Amino acid sequence: MADEAFANLDHDRARRTGLPEVIFCQGKTADQVVEIVGRMWQREGRVLATRASEEIAQAVLRAFPDVRYHAPARILALGAAPPPGEDAPYVAIATAGTGDIPVAEEAALTLEFLGHRVQRIYDVGVAGIHRLMERKDVLCRARVVIAVAGMEGALPSVIGGLVACPVVAVPTSIGYGASFGGLAALLAMLNSCAPGVAVVNIDNGFGAAVLAHKIVRGSD
Amino acid sequence: MADEAFANLDHDRARRTGLPEVIFCQGKTADQVVEIVGRMWQREGRVLATRASEEIAQAVLRAFPDVRYHAPARILALGAAPPPGEDAPYVAIATAGTGDIPVAEEAALTLEFLGHRVQRIYDVGVAGIHRLMERKDVLCRARVVIAVAGMEGALPSVIGGLVACPVVAVPTSIGYGASFGGLAALLAMLNSCAPGVAVVNIDNGFGAAVLAHKIVRGSD
Amino acid sequence: MADEAFANLDHDRARRTGLPEVIFCQGKTADQVVEIVGRMWQREGRVLATRASEEIAQAVLRAFPDVRYHAPARILALGAAPPPGEDAPYVAIATAGTGDIPVAEEAALTLEFLGHRVQRIYDVGVAGIHRLMERKDVLCRARVVIAVAGMEGALPSVIGGLVACPVVAVPTSIGYGASFGGLAALLAMLNSCAPGVAVVNIDNGFGAAVLAHKIVRGSD
Amino acid sequence: MADEAFANLDHDRARRTGLPEVIFCQGKTADQVVEIVGRMWQREGRVLATRASEEIAQAVLRAFPDVRYHAPARILALGAAPPPGEDAPYVAIATAGTGDIPVAEEAALTLEFLGHRVQRIYDVGVAGIHRLMERKDVLCRARVVIAVAGMEGALPSVIGGLVACPVVAVPTSIGYGASFGGLAALLAMLNSCAPGVAVVNIDNGFGAAVLAHKIVRGSD
Amino acid sequence: MADEAFANLDHDRARRTGLPEVIFCQGKTADQVVEIVGRMWQREGRVLATRASEEIAQAVLRAFPDVRYHAPARILALGAAPPPGEDAPYVAIATAGTGDIPVAEEAALTLEFLGHRVQRIYDVGVAGIHRLMERKDVLCRARVVIAVAGMEGALPSVIGGLVACPVVAVPTSIGYGASFGGLAALLAMLNSCAPGVAVVNIDNGFGAAVLAHKIVRGSD
Amino acid sequence: MADEAFANLDHDRARRTGLPEVIFCQGKTADQVVEIVGRMWQREGRVLATRASEEIAQAVLRAFPDVRYHAPARILALGAAPPPGEDAPYVAIATAGTGDIPVAEEAALTLEFLGHRVQRIYDVGVAGIHRLMERKDVLCRARVVIAVAGMEGALPSVIGGLVACPVVAVPTSIGYGASFGGLAALLAMLNSCAPGVAVVNIDNGFGAAVLAHKIVRGSD
Amino acid sequence: MADEAFANLDHDRARRTGLPEVIFCQGKTADQVVEIVGRMWQREGRVLATRASEEIAQAVLRAFPDVRYHAPARILALGAAPPPGEDAPYVAIATAGTGDIPVAEEAALTLEFLGHRVQRIYDVGVAGIHRLMERKDVLCRARVVIAVAGMEGALPSVIGGLVACPVVAVPTSIGYGASFGGLAALLAMLNSCAPGVAVVNIDNGFGAAVLAHKIVRGSD
Amino acid sequence: MADEAFANLDHDRARRTGLPEVIFCQGKTADQVVEIVGRMWQREGRVLATRASEEIAQAVLRAFPDVRYHAPARILALGAAPPPGEDAPYVAIATAGTGDIPVAEEAALTLEFLGHRVQRIYDVGVAGIHRLMERKDVLCRARVVIAVAGMEGALPSVIGGLVACPVVAVPTSIGYGASFGGLAALLAMLNSCAPGVAVVNIDNGFGAAVLAHKIVRGSD
C-alpha cells in the first residue's frame, strides 16, 4: 500500500473548525505515525499526537529530536501556539486523586499547545471537601473548569454547584471492581444533579481540552 | 394448598438475630399478607410489612384497623417498640433530593418501629454543598448516618469524609436515561473514595435501617 | 411532614451559578410542585419546571393560570427573561428525526426562558446528508449547536466536523431493540470521532440548554 | 487423539453454499492448522486461514513457503480464484480511520481470494464529511459497499443514505473507554437510520467479505 | 410550529437509493402521521408506514379509507408496486416459532409493497430440525433468505449452512428472562458460525426487507 | 393466513424425545391457542399450555370446560398421565421464599401432568438455614431436587452440598433494584460452588420440570 | 499461617454427595496445591485437580510423578475409579468446533476419572448440520449428552430436539467481538427452544461432567 | 511538577473521621509512594498502603526497611496501633474459599494495624454448610463479621441469618466465565435475603475493614 493511501489528512480542518488536525496514535504503527508527523510538520508547522506509546514516542523522537513527550499522558508535541498573556482567561483543571493526573495532563498539555493558560488543582476529591473549598476562588474565576475523576466521579457535581462557568467532566478508569474501567464515573457524571455538566469519554483528556478550547475561543 | 404451607415463619429469628421477622409483600397476594399479619400479631405483638401496595394496604386495614400505612414508603406497621428517650443516640437520615424521600422514610419508619431515634436531613444534594455543610453538626453527632441518593449518588462520599461514624449508602432509582434504574448511583456508592461506606440494594431503605439498627444496638 | 421540610430551596444559586433554581418534577407529587412553584414565583419572579406530567401540569395551571405548558416537552414556564435582540448570538438546535423534537423543544424552551435566541433545524438526520448540508450556514454562524439524535446518534459527529463552535450532543431514547433506551446513541456520542463534543444524559434537553446558556453567557 | 479426529472438514460445503471451507485459527494449535492446511490444499487447491497469529503463520510458512501472510489482517492465503476482469463489478471497502484498515484488509484479501475486484476507500470518517463526498462516485457505482468503522460507527449510516446498493457494516474495536471493545460502533450500526444496513460481528472483516461475495455472485 | 417544519421529507431519496421514503411512526403523533401520509401520497402515489399503533392506524384510515393495515405487524400501506410475475425470483422468509410471525410479516408485506415475490416458511425452529429440512428445496432456490427467530436465535446459522444465497437474520424479542428483550438472539446471530450472515436490529422486519430488496434488485 | 399455516405441530416429538409437544402461549393470540389445543387434544389425548394469560385461559375454558387452570403459575392442563404409585421416585421442589411459589408450581404441575410424584418444600431460604435443615431428609431421598430462588439465588448451592442427586436451579425474577429481573440469581446459580448444578432460564419452571422428567425417566 | 488453616477439606463429601472432593486450582499457589494433593492422596487414594496452570502442574509432577496432566484441559489426575465395562451406559460429548475441545476434554477426563464411559463427537457445529446427523445414532443411545459450543451456542438446541435423554449445555469462550467471552453462547443456551436443556457456567467442562455423573449414577 | 503538588495530604482526616489517611497505590509511581510514605511517617508515626505491587513494595522497603509487606494482600504497613487486649471485642473474618484469602487478609491486616482483634475463619463456603456451622459460636460472639466470597457470593446471606451483629459482605473476583470479575457475587450480596447486610466494592478488603473499625469503635 502506498504511503499516501493510509491516511487521508484533512488540511482544511483548521480553517473549518478552528482546530488543527491531531494524530490519534492508537491502532497506527510507529512508521505510520512518523510519516504523518512529517507531513503535518511541513504543512502546519506544529504537530500534536495523543495516545502515543513509549515505542511510538521513541520512533518519533529519532526522526524529530525537538519533539516533547510526556510519558504518563502519552502525548507528543512539536511546536505550539504562542504562549498566552499573564492575564489571559484560563482553564482550571481539577482532579479527584493523584491517579487521575495523567488524564488531566493530557488535557493541560493540549490546551497549552493550543495557546491557553491553565491552572492545575490536583487531588481535591470530595471525601475531603475542604481541600476543594480552599481552591474555590481559583475555580470561580476560570473561564471553563475541567473536572477529572475516577471511582465515584462526584467531583464535577460539586464543582458544578460552585461555579458559573461551564464544567467539562472527564471520567477516568482509575478504580477497580465495580468501577468497570471507568463506567461508574461516566454514569455518575451523566447523571449529575448539577445541570449543564458536559461529559466526554472515559480517559479522554484530549477531548475535554478541545471542548474547553472551543468554549474559550468563542468568548474572546 | 393449606394456609400454613405457603409461609414458613421463622419465629426464632428475633432471639437469634435480634430482629423480628418482617413481611416482604412483593410477590404475595393480599390474602397471604393478611393471613401472615394475623399470625405474627398474635405471636409477636408487633408487625412490620414493607413494599405493601395500595391494594394490600387496604386489605390489611380492613382486617386490622389500627395498622399505620405510609403510602409513598409503602410500609405498614402495627404496634412498635417503646419510644426512645430524648437523648438516646440517633440515626441521621440524609437525602440528596425530594424524590429520594420515600426511600428515606422506609428507613426512618423502620427504625422508629424498632425503637430508635431518627433525625431527618432532606434535600441536601452535593450540587448545593452549603446546604449539607449547614447540617454538619447534626451529622457529626449521629451514631450512624444513612445517606440516600439517586442520580450520581455522590452524597455518601461527601458525608463519609465529614463524619467519624459508619455511613450507610442507599442508591435510589430517581433519575432517568443513563441512571438505568439506580445503577449509576449504586456503582458510584460502591466506588466511593471515602473508605468504609456500607452499600445496600437500590431503593432498599428497609435494609439500611436494619443495618443501622444492628450497628446502634451493638454500641449500647 | 411540614411543607417546608421536603424541599430545601437554594435561593442563592442564581447569584452563585448564574442560573435560577429549576423544579425537576419527577418523583414529586402535584401538591409539592404547586407549593414549590408558589415559593419560587414569590421570590424569583420566574419559574421553570421540567419533566412535568399532564397531571402535574393541570394542578399547576389551576393555581397559576398564566403558566405556559408544552406537553410533548413536559415543560412548564411562568415568566421569563426579557427576549433577546434580533441579532443576539443564537443557539442552533438540530434533530436527526421528528421523534427527537420533544427533547429538542425542552432545550429550546429552556433557552428562550433564559433569554436566548434559538434557531431550530429539525429532521436532518445523516441518512440524508444533503438535508444537513443545506443548513450548513445556519449551523456555522451559531454560538453553540445542540445536536439531538436517537438511534445511531451520528448527527453530532457530522456537525462537529463542520462547525467551529462547541457542539452539545443529546442522545434520545428514540429507537427500539438494540437502542436499549438511548444507550446506543449515548455511546456513539461519547465515542465521536469529532473531538470536543460535549455529551449530556439521554433525553436531557434541559441539561443541554443549561450548558449552552453557560457557554454563551461566558462569551458576551 | 488421532489427527483425523479433531477437525471434521466439510468438503461438501463449496458445492452446497458456494464458498470453500476456511480455517478459523483462533483456539487451534499451530500443528493443527498446518495439518488442516495440508489436507485442504490437497483436496481443494486453494486455502484461506483467518485470525492467524504470527506464531501460526510462521509454522505454516515453514511447511508451505508459497503461502501469503498479511500480518495486520492476520490472514493466510495459498492459491486463489482467477483474477477478475478489469470491468468486473466491484466491492467498495471504506474505513472511517487508519486504525480500521486491518479489518478492512481482512475483507479485501478474502474477496480477492474469492476472485472479486475491490476498491479501497480508506480514512473517510464522518467528522470530515467532504472526504467521503469526494469519493461518492466510486461508492455509487459499487455492487456492494463494506463500511468499516470503530468509535461511533456512523459511516454506514451516511453511506447508506448515498448509495442504492447493499451496505455491509463492520464495527471495529478501535476506540477506548466507552467504546467497550467495539460495542458502541456495533449498537450504532444496528440502529442505523438508513434502512437496510447489514451488520456483522465486531472486527469481522471476513464475514463481511463472505456476505458481499454471496450478494455479488447472486447478481451475476 | 408550522406543519411543514416537523418533517423534512427527502423526496429525492427514491432516485438516490432506489427506495421510496417510508414513515417510521414511533415518536410521531397521529396528526403528524396523517399529514405526512397525505404529502407522500400526493407526490409518490404509494405510501408505507411502519410501527403504526392501533390509534395511528385508525386516524389514517379515517383520512385514507383505502389504506391496508396489518395489526400484528403494525404496518400501513397505500398503493404498491405492480405485482411480480409468477416466476420472478423470490425471497424466502422463515420463522423459528409462531410468535415471530408479526416481525416476519413486517418483512413480507414490505417486500410485497416493493414488488417482490415472497415465500413464507413459518414455525421451523431448530429443536425440530426435520421441519426445516422438509423445506430445504424452497430455501435453496430463494434469491435471499430472511431468517426470523427469538429465544436462542439459532435458525440463521442452520440455514446459512444449507443455502448459497445471502441470509438476513432478524432477532426478535420473543422469549423471557435471559433473552433480555431479544439480546440473546441478537448476540447469537452476530456470532453465527455460518459465515456471511447479515444481521439487523431486534424486531426489525422492515430493515431486513429493505436489505433483501437491495440485494435482489442488484441481481436483476 | 390459513389456520393450518401458523403452527407447524411436531407430532413425532413424543416418540423422538419422550416428551409430548407443549404450547408456549406467549406471543400467540387466544384464538391460535384454542385452535392448537383442539388439534393436540384430538391427536394426543392430553394437552399442556404454559405462560397462559388470564385472557387466553378464559378462551380455552369456554371451548374446553374440563381444562384445569392454575392462575399464578399461568398453566393450563387437559388430561394427564396416569398418577404415580405412592412409592414412586419423587422430585423435590424447594423455594427460597413465598414469592417464588408460582414458578415452583409451574414445575410441579408440569411434572404431575407427566406422571411424576412431587414433594413441595416451600419458603426455606438460606437466611434461616435451620428451616432447610429440618427438611434435609426429604431432600436427600429425592431422585432430583428443583431449587427455585430469586434475590441472591443461594439455595441451589446449599442444597447441592447436601444431596447426592442432581440439582436443577431455577432463578426467579423476585427481587428489586440490583436483582435486574432475576439476573443476580441467574449469575449466582451459574457460579455455584457446589459442582454439577443444572441451571435453566429465569422463571422457567417448565424447563426445570422437563429436565427433571428426562433425568427420572432415564433412571427407571 | 499454619498449613492446615488455608484449606478446610471436606472429607465427608464423598459419602454425602457421592462425589470426591476436587481441587479448584485458580487462586491457589503451587505450594498450596501440592500440599492439598498430598493430603487427599493419603486419605482418598485418588485426586483430581482442575484449572491447573502449567506452573502448578510442574510443581505437582515433581512431587507426584504418577500424576497425569492434560495441558489444554488444564486437568491433573492421580489414580481413578476402575474402568467401566464395554457395554456400560455412556455419556456422549459433542463440540461445535475444534476450539471447544479443551473444555470438552475437561468434561471427558473428569467423567473417565469417575469411572464412566465416554463417546467423543467433535466438530459437528450447526452450520454443517449433516455432520451432526451422521452421528445421530451415537447421540440417541447415550444416557446423557454434553453439548459444548462457543460462538452462537446453537448446538444444544438442535441436539435437544433429537434425543430423549438429558442434554447438558456448556458455553465456551471461543469467539470474538460480540461473543463477549462466551456470554452470547451462554444466553443462547439459557433460551434454548428445546425444553429441558441444563446449562452450566462458561467453559465449565468439569461442572458438566459432575452433573452427568449424578444423572447416570442415579439411573444405575 | 514539584513534589508537593501531586498529593494533597489530608492530615486533618484522623481527627475528623477517626481514621488515619491511607495510601492507595494504584495509579501512583513507586517514587510517589515512597515520597508519601516518608511524609506520613514523619507526621503520623504509622503508615498503611494498599494495592501495593511487588515493584512498589521493593522501592518502599529499600527506603524504609522496617516496613512489613504481605504480598498476596498487596498491603504495606509501618508502625501500628498498640495491640488489643486478649478479651477485646473482635471482628470475625470468614471466607468461602481458599482463593478469597488475599482479600480477607487485606481486611485482617488493616484491622490489626488499627488496633483490633481479629478471628479468621477461612474456607467455609456454603456447599459444605456443616463447616460453617461448626464455627457458629465464634461467629455469634463477634462484634462484626466480614464475609468474603467470590463465585455465587452466598456466604453473607447464610451468616446474616445466624448472627445478630452487623455483617459486612466483600465480593471477590474469584471465579470465571459468568462471574464477570466478581459481578455475580456483588449482585448476590446486594440482593441478600438476610436484611441488613453491608456491601463494599469487589475485592475491597480494606473498605470492609474500615467499616468494621467504625462500627466497633462506636460501640466502645
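Which chain is which? They are A, B, C, D, E, F, G and H, in the order written, and residues in each are numbered from 1.
The criterion applied here is as follows: contacts are C-beta pairs under 8 Å (C-beta built on N, C-alpha and C of every residue); 3 or more make two chains touch, one makes a residue touch a chain.
As the structure is a prediction and not an experimental result, all values here were calculated from the model.
On a Cα centroid basis, the chain most remote from chain C in this structure is G.
For the touching copies chain E and chain F, the fraction of interface residue numbers used by both falls below half; the interface is of the different-residue type.
Looking across A-H, F-G or E-G, the interface that copies B-F in more than half of its residue contact pairs is found at A-H. Chain centres here are Cα means. That of chain A falls 35 Å from that of chain D.
Inter-chain centre distance (chain B to chain E, centres taken as mean C-alpha positions): 49 Å. Centroid to centroid, with C-alpha atoms defining each point, chain C and chain D lie 43 Å apart. Per-chain CA centroids place chain A at a distance of 26 Å from chain C.
Under the contact definition stated at the top, the residues of chain B that touch 2 or more other chains are 13, 97, 128, 150, 160-162, 177-179, 183, 186, 190-191, 201-202. You'll find the chains touch as A-B, A-C, A-D, A-H, B-C, B-F, B-H, C-D, C-E, D-E, D-G, E-F, E-G, F-G, F-H, G-H. Within the complex formed with chain F, the residues of chain E that make contact are 97-101, 120, 122-124, 128, 130-131, 150, 174, 176-179. Within the complex, the chain D residues that touch chain E are 13, 16-19, 22, 143-144, 160-166, 168, 186, 190-191, 195-202, 206-207, 209-211, 213-215, 217-220. Every residue of chain B that touches chain F in the complex is listed here, in rising order: 5-8, 10, 12-13, 24, 26-28, 32, 51, 171, 173, 181-183, 186, 201-204. Contact residues of chain C toward chain D in the complex are 96-97, 125-129, 150-154, 157-158, 160-162, 175, 177-180, 183-185, 187-194.
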